[in-house]
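Shared between the two complexes below is chain A, which pairs with chain B and chain C, respectively.
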Partner chain A sequence: MQGGNSKPRLNIERHLFPYYLIMPALLLYALFFILPIMSSFLLSCTDWNVYRKAINFNGLSNFLVIFKNDQFQKAIANTGKYAVVTTVFKLGLGLLLALALNRQLLTKSLIRTIFYMPAVISYVVLGLVFSSILKMDGLLNHFIHSIGFASVELDWLGNKFTALYCVMALDIWKWSGLCMAIFLAGLQSIPSDYYEASRIDGAGVGQQFRNITLPMLTPVLGINFILSFIGGITSFDSVYILTNNGPGFASIVMSTLVFTYYTKGYYGVASAMNLMLFIIVAFISIFIAAYFRRKEVEL
Partner chain B sequence: MRRILRLALAMAFVLCVGSVFAAGKTIVIMSHQTKFHEKVENQIMANIEKKLGIKIEYQVLPDGNWEQVFRTKLAAGDAPDLVIANAPPSFDQFEAGTFVDLAKEPWVSKMVNPKAVTDPKGKIYAQPRFSSGVFILIYYNKKIFKELNLNPSPNTYTDFLANMEKVKKSGKYTPIIFSNKDKWSTQIFMLCGNGALGKTRDPEIFKKIVANKLKWVDFPEFQVVMAKFKELFDKGYTNKDSLTTSFDDAKAAFGMGKAAMILNGDWTIGDFAAKYPDFEVGAFAIPFIDKKPMVTTANWVDGIHVVASGKQVDLAKKVLAEIAKPENYELWAADTGFAPAFTDCKVDKQPPVVQELIKKYIKTGNFVYQQNDDMTMINDDVYQELWSYYIELITGDKTPLEVAQAWDAKFAEFMKMKGVAGW
Partner chain C sequence: MSAERTWRKIRLLCFEAMMLILTLIVIIPLLVMVFGSFKNAQEASLFNLKPPTKWLFSNYAYVFVHGKLGRALINSFIVAFGSVGISIVASAPCSYILARRHTRFTTSIYNLFLIGLFAPIAIVPTVFLLKYMGILGDYWGLILVFSAVRMSFCVFLFSGFIKSVPREIDEAAYIDGARPTRVFISIIAPLLKPVMVTNLAITTMSVWNDYMLPMYLLSSPSKWTMPLTIYSFFGQYFRDWNLVFADLTITALPMIILYLFAQKYIVAGMTVGAVKA
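Right after this comes the complex of A and B.
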């Protein structure tokens, strides 16, 4: 009789059914993401460049070239600085804005939109705006002059000490709104009962923030942290548009260094650098995600 | 209703098919910022579009990365039909077979200076846009020089610096304006100095460097010239925002009388007569060698190349033939002021200052070819590194020796990558 065998077969099919549904997406993901990364790993061990047709395996010599390269060392330092500073400010400003706008205000939707708007404006437009503000006869210097600090006027993007920080300022201004939106979602998911109960117990605003808001925001804090930090490590547009690594190599970061090597036609070395960037980003993402997951569990 | 829908669908289909066919008759020309003279290019292309019944699309790319975009398009099989680049350096910078040999084209016999676009094997891979040019000198504002009683033809380097000091002391103008945001312009001082000091001592010096018989650190004049360059910035003779001033901004500032001098090629003042009609411009060569100032010139011209892997080679050649006709070419010569490339061009609007300097320096033999002419295999993407080191020289991050050492390393890296003999 056939009925006795159909139940296990139905279970297997039921088990496999979800995989049938995700297979197309998985295939696309494998084709456009996994496969390029795997080939990048292979190509990073070759002398592939635009000047020669033959591609030869050269072991790990591309990685040695990278480590000896002074621009690489500068790029790593700048990238680390960039990621840390922009993350701190994006999260700080985003949280402050979210706390301020998580209240009953008549114009809260309008204000939230205004703060979020930079996130949807293209880097090219922002680059033009910031370049004109920061140039020698730009808005910033005019303002500084008007408040009596003419001696502080600088060519902000042409100064090796300030160029990278100006780029960071652009990034912070652009993405604080997104952080704010994510924090707002987190704040609105905190039950108001906790605050009422704490008020009854005599807790002040600071105590409420420390003991209720921050712990309950841990999941969104983790999301924001990962997004901001990874965004900082992989930043390209803001640096390329505003300073193009300049002046000299003062504001070079990993992504623009990879791009420079790619434009020179040194594809093997560029692949090696990109692979290193991928490994760094992957490790940091895993570490941060694990840390925040542990924090959530503890709470 | 159904009939209307069917009609609408049919029309949409016809439009799509039509646009596909129309797209096939579009010639794409790739150029980059400093080589694109918008008004006159648009005029000429409109004439040709009407004559040949085609569309011409210009792709104008930033100076800094047009070459890589072109290489990428070549590799992807999406090459433009025509590309404007420096010829004949382009013949070495790109692989053999990239460009079509144009030796049999009708305009070849009327070229004023065929040598400029002919390779050693007699192949012609570009149509010249001018016959000769690229005179790199100090262009100065005659009114400012008169007002401050400056020497319009300094014979020694000390006299040259004395001019700058006087302008600085007046407090009214920038002595010399630089456009270091466009890094290709940063190299110009070094091109002049290296040629004047290095090549006159040893005419083969750059060929020796290319052959790996000499290092950049062993070329002493290179560091001397860089030190002189740095001195201009340290003494406050330049615009404070030179690192964020583009070439167009510098040109405008010079044209509007904010700066006394600018160091660049004659293309800087080519359109001054039209843009700044009251401007009186003079020129002199920087006297790197006392009592022997010489102009730096270059052995290249802007050339329009037909890309061999383009999809419409024959049509592209027809466009070139139209460009070379007097009714189109004379528009170009009148607008740009470059030395005409063709003998049947009746227009020669070279600025008087260019005609004077040709008499003063070129015809008397007081000129030297720039170093890049001996290094045509090196493309701008690689030179960007050197130019960035020059920026680091200005910011104080590198000394002239450190620049030479860093450039030696990058130069070697490139030459090995390219597989040049001797490396």
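Right after this comes the complex of A and C.
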């Protein structure tokens, strides 16, 4: 669209692609998604709660309060742990499954269908099924008992050391199939002559993986990473259904903490916590996107 | 040579068998749910993997009546149809312009939409916005928020797809005298069918399955969607796991069916979007 003859085409462009076709989507999105985010910057600096009529600005004191708050510290630590552990496992398992399915298997599409299945089922359904399995008299303890380790039987969701890991396990179980599908698409987009050429040059399987597969997968890895990591940071349903922050506050995460303060009626504090979540997500996505873009350029 | 080939084939078959066994990790929890849903309460509370001794279809009839599942199904359908309809009808023309025109304005709008792919929703202000507008607790409030939340993903997929459609098509139609809206509706929209199916399926699933937004935005149980209804049912009937399992199966089934039918489009959409980005 540049150059000397741009004038007539630009005219066509203005008529052919009018801005008013953007408007319905933009208005809806701006009103119901962007506006609340913008106003949460303001709300976070107020003492607004359900017990008082007037709303006053109180500067950054909400943030001072939440940083000193035990539950907030616990939630930040849990959220970080949750995001890191689930991302590592989802990406690792997803990649292994994708590599396995990238071979000439007869039942490849059946296996792929099954592994992807949990991604389409609600957390409420999966959470309740998992809680039946993880109960004191549930399937997992039956299994442990039957292979002769009766002493390791546990109330998995009621134990403060295992509760959060059980939630993570559900998350990993649910989303590894999606990671696999994305990796698989990436693997299939690698031209097979790369492998043939390197085989002629005498490269082994390990070398091929390091020098062809992994570099070619970098963009897909980036997307999987962002999806998993941000999914982990913002997770709500899994924790709420499986442990409801318990036992005590052992498995509380950021989103469920926001909900706790919202139901108590502390709207200003809840907004401030939600805003922290937003800022963390914004930072991480910008950082990860920049990192993977630089990697791509290097290649 | 041929011996080596046979050997390789056997090894691949063993590998395949191993992968099939591995799928049990996914299948077993789902089997626990489906088998459990046909058992009697006592059998279900043993939490084992045995098939039911007697298949009780009556569990399903029971949860439909006592679990208010009929109402919940209707609610879920209303919310899903509304949100999916609005987000697709609004995002398709928007993506068309964003993909075709490259001005500072369209670029910043596109970037604004990208924020929504990752950013968590600011839930407290949203609740009070709906309250202020008088649609808190109403289907409309939930539908509009869901559409806004899902808009980013729809715009992202649509505009990625439209970029691969040659623009000569719309220019030719325009020169033949068609109005811009006409060009979009009769030339571009029909070409979008595959990615529209993708958006439809993915948006339906995320709306149907979501628990958090309906919990914040719907108060009266008569408007609850499936996830809220079954969670509250679980609260009352936590001793009757057979009924809970039947409830869960009914909630999961529509999305599993949708997935099996639209699988090609769903996986393609999720992955094409990912690979292109």
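Structure notes:
Heads up, the rule we're going with is that the second predicted complex is superposed on the first by the 278 of 299 C-alpha atoms of A that agree within 3 Å, B and C clash if a C-alpha of one lies under 4 Å from a C-alpha of the other, contacts with A are read in each partner's own complex, and residues count from 1 in each chain.
Just so it is clear, contacts are C-beta pairs under 8 Å (C-beta built on N, C-alpha and C of every residue); 3 or more make two chains touch, one makes a residue touch a chain.
Quantities reported herein were computed from a predicted structural model and do not represent experimental measurements.
Within the superposed three-chain model, A:K135 lies in touch with chain B and with chain C [touch as defined at top].
Once chain A of one complex is fitted onto chain A of the other, the partner contacts of A:F89 are absent, as it touches neither chain B nor chain C. When the two complexes are overlaid on their common chain A, residue A:F72 makes contact with neither chain B nor chain C. Judged by the touch definition given at the top, the superposed model places A:K160 against chain B, while chain C stays out of reach.
In the overlay built on the shared chain, the residue A:W175 is in contact with neither chain B nor chain C.
Put chain B and chain C next to each other and count what each touches on chain A; the higher total goes to C.
Contacts of A:F292 after superposition on the shared chain: neither chain B nor chain C is touched.
Taken together, the two complexes place residues 135, 262 of chain A in contact with chain B and also with chain C. Within the complex, the chain A residues that touch chain C are 1, 12-13, 15-19, 21-26, 28-37, 39-40, 43, 100-101, 103-107, 111-118, 120-126, 128-130, 132-133, 135, 137-139, 142, 173, 177-178, 181-182, 184-186, 189, 219-220, 223-224, 226-227, 230, 233-234, 236-237, 240-241, 255, 258-259, 262, 267, 270-271, 274-275, 277-278, 281-282, 285.
On the side of chain B, the complex with chain A involves touching residues 64-65, 68, 71, 75, 180-181, 240-244, 381-382, 384, 388-389, 391-392, 394-395, 397-398, 406, 413-414, 417-419. Chain contact summary for the complex, chain C toward chain A: residues 12, 15-16, 19-20, 23, 25-30, 32-33, 36, 45, 47-49, 86, 89-91, 93-94, 96-98, 100-102, 105-106, 109, 112-113, 115-116, 118-129, 144-145, 147-149, 151-152, 155, 170-171, 174, 180-181, 183-184, 205, 208-212, 216, 226-227, 230-231, 234, 241, 244-245, 248, 251-252, 255-256, 258-260, 263, 266-267, 270-272, 274-275, 277.
Interface residues of chain A facing chain B in the complex, by the touch rule stated above, are 47, 49-52, 65, 70, 131, 135-136, 155, 157-160, 244-250, 260, 262-266.
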